[in-house]
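Both complexes below contain subunit A, partnered by subunit B and then by subunit C.
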Partner chain A sequence: MTSLAARAANQQLGDQIIAADRSRSRRWRVQFLIAWAIIVAALVAFVLITINLDTDFIAKWLPFILTGVPITIFVSFASIALAVVLAILGALGRLSPNPYLNALASFYVSFFRGTPLLLQIFFIYFALPQMGIVLPEVPTGIIALGLNYGAYMTEVFRSGIQAVPHGQTEAALSLGMTARTTFRRIIVPQAFRIVTPAIGNDFIAMLKDSSLVSVISVHELLYQAQVAGRPNHKSMQTLLIAAIVYWILTIVFSFFQARLERRQAVGDRARVVG
Partner chain B sequence: MTVSAGPTAATHVVHPAEVPGHLVPAGATPIVRATAIEKYFARNQVLRGCSMTVFPRETVTILGRSGSGKSTFLRCLNFLEEPSAGTVEIDEVAVHAMPMGGRSKEHRDQIRHLRLHASMVFQEFNLFPHLSVIGNLIEAPVHVKHVPKAEAIELAEVYLEKVGLIDKRNEYPARLSGGQRQRVAIARALTMEPKILLFDEPTSALDPSLVGEVLKVMESLAHEGRTMIVVTHEMQFAREAADRVYYMHDGAFAEIGPPERVIDDPQDERTREFLARFLGSSGKPPRGAAAAAVVESVPNA
Partner chain C sequence: MLRLTRTTPLLTAVVLVLAACTGGGGAASPSASTAAASQTPASAAPSTATASASASAAAAASIDPNSLLGKVVAAGKIKISTDPNYKPFSFQNPDGTYDGFDNATAVEVVKRLSQKVGKDIAIDWQTPSWDLITAGGWSGRWDISIGSMSVTVGRAKVVDFVNPYYYDSGAVAVPKDSAVQSISELNGGKTFCVGAATTYEQWLNGTLEIVDPAKLPAPTDAKVTSLPTDNECVQAVQSGRKFDAIVANANGLADQVSDGLPIRVLDGPPIFTVSVAFALDKNGPPDQSLISVLNGIVDEMHADGTLSKLSMKYIKKDVTTKPGG
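Let's turn to the complex of A and B:
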């Protein structure tokens, strides 16, 4: 027996609960931001107290260090693109019924995951010339990063493909699709969605691992910071700048990654909307 | 009465009980002929020579306990499960079991022919979650039959209308209830305009309150003369919509006949025992028996 008055009272209680929930979550966010601000302020204060920051030096060399940013971004994008292509081929190989392709892919993964990235960079840059293969610095860096990350991502792609429920394949086949069409139209789009977070993760890791190619004097961010800092004995300043720039880059790309994942989640909206 | 042919039987023999005299004029050509289907999972034999004949416009239901092999048999009809022996013929293309491998191009084409003429509706719906409802419906027509997209959409809308979900056209499967998903899956099967529809326990994964809407769609399809083979536990549906019932026991068909015979007056001891569990010992159905029959949730072999 819900009289009009009772229903109005219910509504009022509901509104109050919603309002309380909102103010709780607002308070939480404020506290969270304050904590962040305290940590950052403490760090900045520590740096300012312990060393003379020398703003003139920073102003003079900052533009020079920043010229490394486009190279870092270019190397990372080119490498992730190469890695994705290699990972798709690798995953197809690992899932192939053909024993030769499977062996090739499994060797690739085993070898490039089993040796250090730095060694691979050195190998391509310093050892291959003995065989008459001489590559410039930037392509060397891209190939080494691409091969290495491609090996890791092969396993990610393989598990992504295998994570698509078998019923999807059965439904596609029972509609008369060939194995190829099923793979291309049904499996890959779903697998891609499953592995997007992992690709984003790997990209962010690569953004930072691209600093390893500074050892073969690719003029990327870390290399420029070293060039500016070491002769002037100001490595604290230049490395801090490089660290902050890397950090900002990862924050920016994490933001784009989160947006991409939200866009892809259209099919799962039921979970969000409830 | 067991109709299973011997394991080596190659010719298809239509058993007298299989001819639905009241439906099909004498001499009509069957659209489905499954002959002596056997299936082994490792050393375990789950189908022991099952044969089935289905004529155009017939609705056939397969009843039987969980694990009796009825779903496996249905899945053998479109080679989602590769039979270990036997022949499936749909619409005059016969495909023989080739369990020892040797999947030639020709064999694969034949299997695709079966699948193009026999669309399947699954227990777990298996809608494509990355596509909208309309996307699910046009995917196969566009990418398998190469129907122009606009035409495929038009056709898809006709079938969505038929299952009563035209207003969910742009929704994604995750936003639909189980009953709605299964109705979309039925519409998806229909858009391929198959000669026969295969239903693999289409209501077993549903909340009991949603079973009715799916059965209603299936009944209307049966009444408009679609050829259907339905594996189900829904006695009410079998009794009212089926032209013939196959009762499967332990990998073989134990009894075949019109529902009023097999369900209401079973001759075989095993059929009687099975029905007694569903319908109560009298053999006469208590009211709401169909709803009670939904309970089975064990995924069958």
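Let's turn to the complex of A and C:
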């Protein structure tokens, strides 16, 4: 009886703690959202006061500016895909015992991290045709962005591979796996989960850095905003629109990134529990 | 951990995939100049078109295929660089079409070029930043600049110029509330805003060499701020940044004054006048045959009043006759 009563009391206490926890976290979330709303409202008020918004002008030029959005997204996706491929190769090179591959990979990282992205864009724009390769502007921009980001991501991938505990390799080898199978089936899947947040982060950065290729005649979002704004002396308004669109894009992609990370984490936890 | 022999097939595969990706990307990518199609010159009246086509078929046959003209004719398109940040000379409409004095001139020139070579030539607009255009060494990225390039001694070292199609003059503007009335008041360490890589920047820095001797001395000890285009200068003044003066194209400044921007153009003679011409890359394929065709077209368009008409339409005055001559 007494133990039953004690258990009931415990149960009740537990429920109370959980309820208090819930209400605290609910209150926290409400405060968080209120703070966000205040900041956004202040920003909107500031913009409305400082920039004399011309709604007719914006309505007229909005479709023109938005034609840059698919190009921005396309360039970002294609560049990040190229960067991932280069980064995998680069990371393999950086971890390779072969001195030539290692030298090649470390040179690549050193060179493309050591020079400004804008300079690389100009360089590739003019250098490729001198080798007889005249690609249109968009692929040229993708190559430049991909090469640059690939260099940064090489280091991310290398550290991701190295972050997989050595015990994993030892365990796999002792189970009779070959070094290659171990790498492909044991190391890479775990490394991938480690580097996913970094890839997402780089993609968000890429969405914005893709604006740099506007200098080589790629008509992406920022280019469109500038061309709409300058001749009409309303650059601030068109740039504001571009800023909002970039921001929305990053919010959308951050959402998908968070979901991807959560899904990968679920797999991990399920295995631990099961 | 991986040996060369093990990575080789992987490397090869990745390189192949990469090649396929970039190739496919090129084909699928939205062309930077789809809008150009709508401005491709429609051939003139059908009867004259066929007549001139047959007449110039012989001329087309004698074109050196390795020359720039030969390459343009073979491709059926000409890549024209323009900087659509310079109303009323070059700008884009909300539907994406290219408009303005330079671009309308380009459309008319290409229309006449098509008739002369007996083949329809389309325009592929390219919009690299202005400093890339004036630097030369275009690597075939575009064939010609039809974009208000002033003829200077320095630029003539890297590009070949066609006969002038109009004449430009530079002017100095000050903020509307400024007390300055003449250029002489701007000596001695005043702040100036100009577009980067423009003749106005060169004038301020004392490096402008033009064939035309009509050039006023630049203010002494000028503190120069160069922004990507001179339009940023005007907008900077509008937003409250303090510059003592802006140096830019007289017609562009007049356009901005009439648009109600808070600047005032100083009275007096232009700070310099200069010929403006189409430019072709000196490092590109041999361009003499194309230049001689274009010289003919430009002379024709001066003579038949086409250029004057376009000038009146976009600039509201005729800038196509040489000042004082």
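Just so we're on the same page, the second predicted complex is superposed on the first by the 257 of 274 C-alpha atoms of A that agree within 3 Å, B and C clash if a C-alpha of one lies under 4 Å from a C-alpha of the other, contacts with A are read in each partner's own complex, and residues count from 1 in each chain.
We adopt the following convention: contacts are C-beta pairs under 8 Å (C-beta built on N, C-alpha and C of every residue); 3 or more make two chains touch, one makes a residue touch a chain.
Because the structure is predicted, anything quoted here is derived from the model rather than measured.
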Original post:
Quick one: subunit B and subunit C on subunit A, clash or fit?
Top reply: fit
**OP:** After the superposition, just quote the angle formed at subunit A by subunit B and subunit C, using C-alpha centres and rounding to the nearest 10°.
**Re:** 140
Subject >> Partner contacting more residues of subunit A (subunit B vs subunit C) >> reply: C
**OP:** Give one of first, second, both or neither to describe whether A:263 is in contact with subunit B, with subunit C, with both, or with none.
**Re:** neither
Original post:
Where does A:217 make contact in the superposed view: on subunit B (first), on subunit C (second), on both, or on neither?
Top reply: second
**OP:** Could you say whether A:174 touches subunit B, subunit C, both of them, or neither, answering first, second, both or neither?
**Re:** first
Original post:
When the two structures are overlaid on chain A, which partner does A:143 contact: first (subunit B), second (subunit C), both, or neither?
Top reply: second
Original post:
With the two structures laid over each other on chain A, which partner does A:185 touch: subunit B (first), subunit C (second), both, or neither?
Top reply: first
**OP:** Report, in whole Å, the shortest distance between any C-alpha atom of subunit B and any C-alpha atom of subunit C after the two complexes are superposed.
**Re:** 12
**OP:** Using the touch definition up top, name the residues of subunit B that touch subunit A in the complex.
**Re:** 78, 80, 112, 115-116, 118-120, 122, 124, 126-131, 139-140, 143-145, 172-175, 185, 188-189, 192, 198
Original post:
Tell me, which parts of subunit C touch subunit A in their complex?
Top reply: 1-4, 6-7, 10-11, 14, 17-18, 21-22, 25-26, 29-32, 84-87, 91-92, 94-96, 126-129, 132, 137-141, 229, 231-232, 234-235, 238-239, 256, 259, 261
**OP:** Please give the residue numbers of subunit A that touch subunit C in the complex, ascending.
**Re:** 60-61, 63-64, 67, 70-71, 74, 78, 81-82, 85, 88-89, 92, 95-98, 100-101, 122, 125-130, 134-139, 142-143, 179-180, 183, 215-219, 223, 226-228, 230-233, 235-236
Original post:
Along subunit A, where are the residues that touch subunit B in the complex?
Top reply: 165, 167-168, 170-178, 181, 185-186, 189-190, 193, 266-271, 273
